[in-house]
Amino acid sequence: MFSHNKRLQYTVRVSESNPALANLLLEQFGGPQGELAAAMRYFTQALAEEDMGRKDMLLDIATEELSHLEVIGSLVAMLNRGAKGRLAEAVESEAELFRSLQGAGNDSHVTQVLFGGGPALINSAGVPFSGAYVDSIGEPTADLRSNIAAEARAKIVYERLINVTEDVGVKDALTFLMTREIAHQKSFEKALYSMDKSFPPGKLPGDPRFTSLYVNTSTGEGDASGPWNRGEQWEVMTPDDTNIPVDGGNGKASVDLSSDEESVVGLFATRGASDPSRDPVTGADLGVLQQEPKK
Amino acid sequence: MFSHNKRLQYTVRVSESNPALANLLLEQFGGPQGELAAAMRYFTQALAEEDMGRKDMLLDIATEELSHLEVIGSLVAMLNRGAKGRLAEAVESEAELFRSLQGAGNDSHVTQVLFGGGPALINSAGVPFSGAYVDSIGEPTADLRSNIAAEARAKIVYERLINVTEDVGVKDALTFLMTREIAHQKSFEKALYSMDKSFPPGKLPGDPRFTSLYVNTSTGEGDASGPWNRGEQWEVMTPDDTNIPVDGGNGKASVDLSSDEESVVGLFATRGASDPSRDPVTGADLGVLQQEPKK
Amino acid sequence: MFSHNKRLQYTVRVSESNPALANLLLEQFGGPQGELAAAMRYFTQALAEEDMGRKDMLLDIATEELSHLEVIGSLVAMLNRGAKGRLAEAVESEAELFRSLQGAGNDSHVTQVLFGGGPALINSAGVPFSGAYVDSIGEPTADLRSNIAAEARAKIVYERLINVTEDVGVKDALTFLMTREIAHQKSFEKALYSMDKSFPPGKLPGDPRFTSLYVNTSTGEGDASGPWNRGEQWEVMTPDDTNIPVDGGNGKASVDLSSDEESVVGLFATRGASDPSRDPVTGADLGVLQQEPKK
Amino acid sequence: MFSHNKRLQYTVRVSESNPALANLLLEQFGGPQGELAAAMRYFTQALAEEDMGRKDMLLDIATEELSHLEVIGSLVAMLNRGAKGRLAEAVESEAELFRSLQGAGNDSHVTQVLFGGGPALINSAGVPFSGAYVDSIGEPTADLRSNIAAEARAKIVYERLINVTEDVGVKDALTFLMTREIAHQKSFEKALYSMDKSFPPGKLPGDPRFTSLYVNTSTGEGDASGPWNRGEQWEVMTPDDTNIPVDGGNGKASVDLSSDEESVVGLFATRGASDPSRDPVTGADLGVLQQEPKK
Amino acid sequence: MFSHNKRLQYTVRVSESNPALANLLLEQFGGPQGELAAAMRYFTQALAEEDMGRKDMLLDIATEELSHLEVIGSLVAMLNRGAKGRLAEAVESEAELFRSLQGAGNDSHVTQVLFGGGPALINSAGVPFSGAYVDSIGEPTADLRSNIAAEARAKIVYERLINVTEDVGVKDALTFLMTREIAHQKSFEKALYSMDKSFPPGKLPGDPRFTSLYVNTSTGEGDASGPWNRGEQWEVMTPDDTNIPVDGGNGKASVDLSSDEESVVGLFATRGASDPSRDPVTGADLGVLQQEPKK
Amino acid sequence: MFSHNKRLQYTVRVSESNPALANLLLEQFGGPQGELAAAMRYFTQALAEEDMGRKDMLLDIATEELSHLEVIGSLVAMLNRGAKGRLAEAVESEAELFRSLQGAGNDSHVTQVLFGGGPALINSAGVPFSGAYVDSIGEPTADLRSNIAAEARAKIVYERLINVTEDVGVKDALTFLMTREIAHQKSFEKALYSMDKSFPPGKLPGDPRFTSLYVNTSTGEGDASGPWNRGEQWEVMTPDDTNIPVDGGNGKASVDLSSDEESVVGLFATRGASDPSRDPVTGADLGVLQQEPKK
């Protein structure tokens, strides 16, 4: 069960109204690399986790991410507070309010007009948060790698936001949030490598004919090599007419249909057959020149 | 520039019609862990990549994933081919076709009725493919980790599909596709660790006060420790009334408004103030018992 | 700041595996009327709230909804736990696993194949949670009404789930969750009517010519009257050729363009003009009968 | 059956081109609080309604909302008409057109480039309309409350648009549209309270132990009371270690698995177990310092 | 302005409850090829149309499609009416209701549990209607072709639904709806070819070097020819190392950066450079075998 | 199987950084009329195609569209390259970077902050690519028309982009891409009319009573005629009280319920009945004036 203390995990001190910056920060509130996506990634994993140690870690970090959602949301609310009041009370002229709405820039008009300046579950483009941002799949060797990657992405987006933030208090809070992603990544890394065997993920082994094959499908100037395709672990093939398909078959797709199915597929094919010998007049041809009126 | 050979990378031999299995396989065609998501993840990274070695690798693997998209799509098309013919030609009675549509089960009705049996850019629930599945963010230390995680997830979904597939030819092709995810993960791992420094990702260092802090936000029976929160790299805090916020401030959110802003926010607050001393009759109260007619 | 106790708000006791029921319950985990939507609705409102009493209430209820998210997610995890193990370990034959996946029914195949049996941020159709479910707009007289309506909807969806649940422990937990929606609705009602004036919402008055007008746009057998269009508060108009537009104008849409704009719009119109006097041969005409080959 | 008169319900007179204002107005065309969402909310309810009086009211209001969709769409079309001509005919230089596209601001570039200046089913951020905006669930006591809330939200968004609109004709039409939301809210309120009993919504009673419980989950400075948690109707609990779970159980999630299921879940748990006693070298550790080349 | 007559355009007579068929019919209510998409496609075009003849036609057909939305929605409501009552009133046991919910099959559980049996703005998979289904772009030569194609697609989906419908009254109404798509396609074809010149669409001519070029990018067994790549109108090229890029340049992507930009891009590249000469130990390597505990 | 040559199909030469133009070009990368949508439209059709000639054509064009995706993506990457370096390396002050991010305009902030300047699967509004853009339905007479329409739409969006592009190299590449859409449209037209019979699409004939009926649902000033509703092929009806429904029935929706179903629907109706004779006090009434405190 969750509980809440009205004090934030990190104090939010904003030095002036800035709806445009608020809008950029929404990226970490309702965006794909944001705090809700993070909290839900770990929370959904925790609920189905069978390992009690990882479960505790996932709950700890999920709960902290909810607290970060509160910090970033509070930053958004404070940066928008003045603009919210202006638009709701409308003591200025319509022209002034229109100019200030336009002048703030980026997608801050959406936050103002649709959401009244409140933090909304959207990213900085106004796109609603999606459950599809949460890539948990219920297998620890995959999920922990997803968590590691997600923390790395979130760290970078915070870094970019810090790079464009002049407000000292906002920058300070963003730096705290960015730093916590580093710490979380470390925890997930430790958890991944605490398992006996984490590669290949899952249970089924790969087909040994193809686990060390590197397929050089892109050729031409710029072809390169590195440890990802060179050395003892690798065998390289450049596909050409002589070596595909890799299974030695005919490279075609086929299905054994029942005779009834063969028959209806035949009907379907016949009905839709094109006649390659014909060179028909087409709709495009009709559209090239004015036609004579018919009646 | 891309080119195409009509031979598949792996021969597709399906032993009988099975629209339900076809629908499950759509998970790897248009689903979040599927081949289009993979191809586009690496392709978008390749186009903006500054390191020529990684760029080549990303193009190689992106192109191969497109070839896998073709293999999985061909499996779907073959498994649906008979059902497609039956529904389009309708030589059976309506009742028979309805029964067979219902009988196939899971979401195969969508593939049949909406898509005519063709492979569609949806997952096994019928949800359209989303660009949001592609988590590339333009920073190699994050993107390579995203790629590693994505390959791990794809490997697992293939494993699950293999576990429910009785058709020998389908299973064989799925095993090939699953194996290639293992090889790709290896390549991305090599590329990540070929960089001088990949942790913390990006350029900005963390705030040293918070990089090694583990916040034990979830307590009670089940609290555990492990390398993710124990050892030299960690300092643990359990938040309580005495130690939050972690910055030593007052834990509140504040903004310095201009006096004009203060004034309009004041108006807004006054207009929307609630009177806590009142115990009003409410809409719910009105809805509890039948009211007397008023006229 | 949030914290978490590993004990649930309500004990979850599931009597047997039931992936189909689990899938239905996802409606209240990641669906439009579910607990995450509720928690985020109130949480986003709380962060921007200016009235301290309502802010506290919104935080109380948002936090409780997160605890309900945990209860419903735990129900899902328990109902899926057996199926998760079977699919991951695959000690049964592929045919058996396929049959049991198909047999469970509804969209449970998505939970199994894509999410490995974990609670996912989707609804019972497999549609990802959307930030668009959260209808907060930053104005208390509207938001409180949205909250009242949302609680009513959630109560009903729980009622339907209870009606199809035979498992005593699941039913018991669902009844608790349903009941809490009733209590929350009562709180939001009290908060709405604690305000001085909550109707019309917002600050601008309506145009008095149109606030009491009922427009009878749907006519014919079944036309009815009730307190929604009859009595002192209402004036009814049935639109016809004589009384629209209601402003007494010409009912057209017009814009004053600059002469340069007039000119380019004229060019655009001319280029795209249709000739109503022509009866052209069309693509459809071409498609009716086989054409003669041209060469 | 619907029919249409080419006269609008309200005359649209726009005084000059203004693509930026057009883009803001899209919020009420294809946005979540817009006229299509409203029309479809009431229309879908009407089709399944069993009460003939409400059915008529829902059809009346749905049809009027379609007429409002036409008014707001005509405003958008007129405000964009000049810009549409300029971009399509391109009699100006590319540089001039680029500047004017950029200069219009907010998301008007999307309306111009993608939609050619026509009203599109998007909101002011360019996000496509979603059927998820329509929250009808087929139960009158919930749906009428959803309608009341939706009218309140739409009224507010119109109010904000009016506050930033200087164009007298546009403001006039927006005021008409805003006013009608007030009238519609009144009708839905009357309909709700014309029912015998509308609270609690639906048929099942709540569990009396929990209908009057207020759970004070958020504590600390700012804790408040009001009619939503104080008075005869309420009993308050502040959750702590002694009183959760509220059912008196152990607060855990459990499921009775069959022995076969226990066995496969055991295999799964063992395969994925973490070893808390190990302090492994991790990928992050590898990424901290340059490694020695291996070959 | 719209008005409504309570009589349907076509009488709906359903012979028995069938929630599964209802769910399939949702494809034409809230699906991509459905009636709302059609109505909105033509309605949005009409509002911005400059040609008065086409504008009238678009309004006629848009309004008729709304009437079709009402017919298909009424079919859905009638097919679900019995199931709605059963679930809401719950006079049967939970087990019976669960079985009947499961037994109905396909995605009908979503319509029942989430929408209470009402017609919802979703397709047969439960995916919410999207404004992205409406492909109007504000250029008549393109939009009319989109309309022609959309009518063709809708006709086919109706055909498939008819093929699986045994209920005579439903089949009859579906046949009416299907037939109207044929008539509408004819109208749009006439309108397209009533224009002076509809090909190429728009104003800018193509580059004559590339308008008649057919690029044979897919080679191998199955390479074919037909009027789409053979005859006077075509010149065929098979891309190879000697003829790409087609512009005779170097086929590379380049940008002239300022010296400051060159410098920061150089820093970025250096920071992220991979060392191809290194063969590093990777996270995957660490995950292959159990590591020794470190402390 | 696909392969890739590192040379582009068309050389990309960008003359200076321009993130705003880059963002507009995303419309053709990840937007609804863009190259990925095109490639996937043809590729999904090809996989299920039964006619070998069309299958080859679809594969040729799908593969070329992937090559166009590479060209447009390379344009985006080059236009963003400078901005990417600046944001990542942050050698300028935060204020300068914020100003330049804001100054670039339109939605380029999303590309920079979320995607680090890489081409992303979004459109120019930041909306993620959707599989719903792909309207293939598995019936050639419909799919070919969809392809023709899609090429026309893509041609127009390129035309608009060309109209706002001053950069000679970008304009040149866009002109190439636009031209290819013309060529592709021609191919699809030839393929459509190479079929024996393409109208009406599919197999079922229309009901002859309704194939030539034009329903004049929109009346009033502006009513017009043209070849789409006049001439031998058409019979016009203007719906009124005397001629609807068109089937001569009662125009109502009905279903034959079993007696059990009748009974539960009756219970449901009774429980939700409104009393039209009552004029109840409502929540809105309560909200109009301040209430007296109750205690």
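By written order: A, B, C, D, E and F. Residues from 1 in each chain.
Rule of thumb we're sticking to: contacts are C-beta pairs under 8 Å (C-beta built on N, C-alpha and C of every residue); 3 or more make two chains touch, one makes a residue touch a chain.
Keep in mind it's a predicted model, so treat the numbers as computed, not measured.
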item	value
Partner chains that subunit C and subunit F have in common	A, B, D, E
Winner on C-beta contact pairs when D-F is weighed against E-F	E-F
Interface residue overlap between copies subunit C and subunit E, same or different (over half shared)	different
Cα-centroid distance, subunit A relative to subunit F, in whole angstrom	21
Distance between the centres, which are taken as Cα means, of subunit D and subunit C, whole angstrom	7
Euclidean distance of C-alpha centroids - subunit B vs subunit F, Å	23
Subunit F residues counted as touching two or more neighbouring chains	1-9, 32-33, 47, 53-54, 56, 59-60, 62-63, 67, 74, 77, 81, 84, 88-90, 105, 107, 114, 116, 122, 125-128, 130, 132, 137, 139, 141, 148, 156-157, 162, 185-186, 190-196, 199, 202-203, 217-218, 220, 222-227, 231, 239, 241, 244-245, 251, 253, 265, 268, 271, 274-276, 278-286, 291, 295
Touch list for subunit F against partner subunit E, complex	5-17, 32-33, 52-57, 59-60, 62-64, 67, 74-75, 77-79, 81-82, 84-86, 88-89, 91, 130, 132-133, 135, 137, 139, 141-142, 145-146, 148-150, 152-153, 155-157, 159, 162, 172, 175-176, 178-180, 182-183, 185-188, 190-191, 193-194, 199-204, 206-207, 209-218, 222-229, 233, 239, 241, 244-247, 249-258, 261, 263-268, 271
Touching residues (chain side subunit E, partner subunit D) in the complex	1-9, 30, 36, 40, 43-45, 47-48, 56, 59-60, 62-63, 66-67, 69-70, 73-74, 76-77, 80-81, 84, 88-90, 114-122, 128-132, 134, 136-139, 202-203, 275, 277-283, 286, 291, 293-295
Residues on subunit F engaged by subunit D in the complex (per definition of touch)	20-21, 24, 27, 31-33, 105-107, 123-127, 156-157, 160-166, 171, 217-223, 239, 244-245, 251, 253, 265, 268-269, 271-276, 278-285, 295
Of all residues in subunit E, those that touch subunit C in their complex	1-7, 47, 50-51, 53-54, 87-88, 90, 93-95, 97-98, 101-102, 105, 107, 109-110, 112-114, 116, 122, 125-128, 139-141, 148, 185-186, 189-196, 203, 231
Subunit B to subunit D touching residues, read off their complex	141, 192-193, 195-199, 220, 224-227, 230-231, 241, 274, 276, 278-280, 283-291
